[in-house]
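What follows is a pair of complexes built around chain A, which joins chain B in one and chain C in the other.
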Partner chain A sequence: MPVEIWITYILILMIIASIAALEIEDVLSSIVAIGVVGLGVSLCFLFLQAPDLAIVQFLFEIFALIILVKAFLGKEYHKTESTKLNIILTIVTIITLTSILIFSVSVFDLLPDFGKPYMNTAQYYLDNGARETGAANLVSSVILDYRAYDTLGEITVLFTSILGALSILRIRSQMKKENSESQNA
Partner chain B sequence: MHKHEGMTLIVKTVTRISVWMILLYGTYIVFHGHLSPGGGFAGGVIIALALLNVLLAYGRNFVTEWLSIKFLHGLESLAASFFVIIGILGMVYVGYFLGNYLSKGELFNLLSAGTILPLNIVIGIKVGTSLFIVIWFLSELKIDKGE
Partner chain C sequence: MIVYILCFVLFLVGIYGAITKRDLIKIILSISILGYSVNLLFILFAYRSESIYPILSKGKEILPMVDPLPQALVLTSIVIELGTTAMLVALAVRLFEKYKTFDITQIRRLKG
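The block that comes next holds the complex of A and B.
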C-alpha cells in the first residue's frame, strides 16, 4: 500500500480522536484522546521517513500528557449548555469554513506534486552533505551546519519563553508563600 | 526523612534502577545525534523526562535535596551562551558565524562532523535542564488544587 493511504487512515483516526476529546465529559478520557492525536502526528512523520521528527514529537507528547494529567485531574468542570446563540454561531462558522475551503480548491492545483518540490536545495544537501559536514545523519548536518542560524533562533525562543514562564511562576509562588505566612501569623 | 512523600516503595525502587538507564539513553541519543536519528532536542527531552520520573516518584522535597535548582539554572544559561561562543569561534577560525572549524573526521565515527557534536551536547543540556526547571516550578504551585 502506498504511504498516502496509510496517512489518510491516520488522519481520519486523528480527526475522530480530536472530536472525541472535545465531546467526552470525563477529563482523563479526553486527555487520552489528545494523546492519540499526538501519536498520530508522530506516526505520520514515521511513515514520511522523518524519524528525527517522530522521536521529538513522541517525547513531547509524553511530556505534555504528564503536565495535562497533573494539571487537570481531580478538578470539576461545569458544562456549557447549548443556547440558541451558540447554534447560530456554529452554523456561521461552518458556512464560513466551507466557503473558504471551496474557494481554496483551485489553489491546490497550483501546488507541486507530492515529493517533487520546486526548490532543489534538498538535492544539493543529499549529494554533498556527508562530504562537506562529515555527519552521517543528514538532518543533523542541516540543522546544525547549513542552517545553524535557525537553530540559534530556536534556542533563543526556548530561552526567552522559559524565562517568561519562570518569572510568572516565581511571582505566583512568592505570593502564595506570603499568603500562607500571613495566615500563620 | 521524607518517607511518606511520593509514591509506594515498589515505584521508588523501580525508579531508582530505571532512572539511570533512561539518563544513559538520553545521553546516547545526544551524543549520536550526527550518526542516528535523534540529536540534542530529543535527547534533552529524554533527560528531562528521567528527572521528571524522579520528581513524580519521590516527591518534591527529595528532588530539592538531590539536585540544586540554582545549579540547573546556571547550567541552562551556560549552555545557551556556549552555543553562541562556539558560533563566534567559527567567526575567528573560518570567517563566518557558526562555521564548522573542527576536523570533519571519518564518516560514521563518534568523533566526527566537527562542531555538530559539541552543538548537540550544548542543546541537549539546555533543553533537558530548562524543561525540568519549568516542571519543578509548576510542581511548587500545586496546580491540582487550584492554588
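The block that comes next holds the complex of A and C.
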C-alpha cells in the first residue's frame, strides 16, 4: 500500500482517540487515549522516513504518560452539572470550527502536493551536508551546524521551562515545610 | 491533500478541547494534541515520495532523500513540548493543592 493510505488510516485513528480522550470522564482512560495519539504520531514518523524523530516521539510519549499519571491519578474532583448555557456554547464552538474547516479546505490546494516538497534550501543541505560538516546523519548536520543558532534558542526555551517547573514545585515543598514547622511549634 | 485536511481536523479537535472544556487536565491534554498535529504537519510537508531517510552510509547507493530541514526543527520542538507539559502539570498540581479542584470556573481568588 502507498504511504498516503497508511497515514490516512493512522490519522483517522488518532482523531477518534483524541475525541475519546477529551470526552471520557475517567482520568486514567483519557491519559491512555492521549498515549494512543502520541504513538500514532510516532508511527506516522516511521512511515514518513524520519526514524530519529520516531524514537524521540516514542520517548516523549512514555515520559509524558509517566508525568501525567503520577500527577493526576487519584485526584478526583466534583464535576458540576453541565448547564444549558454550556451545551449551547459547545454547539456554537463546534459549528464555528466546522465552518473554519470548510472554508480552509481551499487553502490546502495552494500547498505543494503530498510527496512533492519544495526543496530549494534542503537540496543544498542534502548535496553538500556530508562534505561540509562531516556528519553522516544529515538531520544532525542541520541541527548542529547550519541551524546551530536556532538550536541554541530552542535549548534556552527548554531550560527556562524546566527551571519554571522546578521552581513551582520547590515553592510547594517550602510551604509544606513551613506548615509542618508551625504545627510542631 | 487528504492527509493535510485530516491533520488540520486533529488541530481543530485540540482547539475545541482547549475552548470548551473546564477541566484543567483536559486543557493540558488538548494542548498536547495541538503540538502533535503541528509537528505531524511539518513532517508531512517534508515527505518526498519514493525516497529514503536522510542518513548516509557506506556502500549504499545514493537515492533521493526526504527533506531534512523540517525534521531538524521538529526534533527540538518535541523536546520543548515535554518541558512545557511538565511546567503545565506542575502549575495544575499547585492549583489543585490550593483550591482542591481542577474546575477552572471554581478557581477564582488568584492571589498569594
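Observations
Everything that follows uses one rule, which is that the second predicted complex is superposed on the first by the 182 of 185 C-alpha atoms of A that agree within 3 Å, B and C clash if a C-alpha of one lies under 4 Å from a C-alpha of the other, contacts with A are read in each partner's own complex, and residues count from 1 in each chain.
The working rule: contacts are C-beta pairs under 8 Å (C-beta built on N, C-alpha and C of every residue); 3 or more make two chains touch, one makes a residue touch a chain.
Computed from a predicted structure; not experimentally measured.
After superposition onto chain A, the modelled positions of chain B and chain C are compatible, with room for both. With both structures placed on the common chain, the touch criterion links A:Pro112 to chain C but leaves chain B unconnected.
When the two complexes are overlaid on their common chain A, residue A:Ala64 makes contact with chain C while staying clear of chain B.
After overlaying the two complexes on the shared chain, residue contacts for A:Gly38 are found with chain C alone; chain B is out of touch.
Within the superposed three-chain arrangement, the count of touched residues of chain A is higher for C, of the candidates chain B and chain C. Once the two complexes are overlaid on the shared chain, A:Leu22 sits against chain C while remaining clear of chain B. Superposition on chain A leaves chain B and chain C with their closest Cα atoms 5 Å from each other. Chain A residues 51-52, 56, 60, 63, 67, 71, 75, 130, 136-137, 139-141, 143, 151, 155, 158, 162, 165, 169, 172 lie at the interface with chain B in one structure and with chain C in the other.
Residues 3-4, 7-8, 11-12, 14-15, 18-19, 21-22, 27, 30-31, 34, 37-38, 41, 44-45, 48-53, 56-57, 60, 63-64, 67-68, 71-72, 75, 77-80, 86, 89-90, 93-94, 97, 100-101, 104-105, 108-109, 111-117, 119, 121-122, 125-126, 129-130, 136-143, 147, 150-151, 154-155, 157-158, 161-162, 164-165, 168-169, 171-172 of chain A are the ones that touch chain C when the two sit in their complex. Contact residues on chain B toward chain A in their complex (touch as defined above): 29, 33-39, 41-42, 45-46, 48-49, 52, 56, 76, 80, 83-84, 87, 97-98, 100, 104-108, 112-116, 119-120, 123, 126-127, 130-131, 133-135, 137-141, 143-144, 146-147. Residue ranges of chain A in contact with chain B, taken from their complex: 51-52, 54-56, 59-60, 62-63, 66-67, 70-71, 73-75, 130, 133-137, 139-141, 143-145, 148-149, 151-152, 155, 158-159, 162, 165-166, 169-170, 172-173, 176. Every residue of chain C that touches chain A in the complex is listed here, in rising order: 1-10, 12-17, 19-21, 23, 25-26, 28-30, 32-33, 36, 39-40, 43-49, 51-57, 65-69, 71-87, 89-94, 96-97, 100-103, 105.
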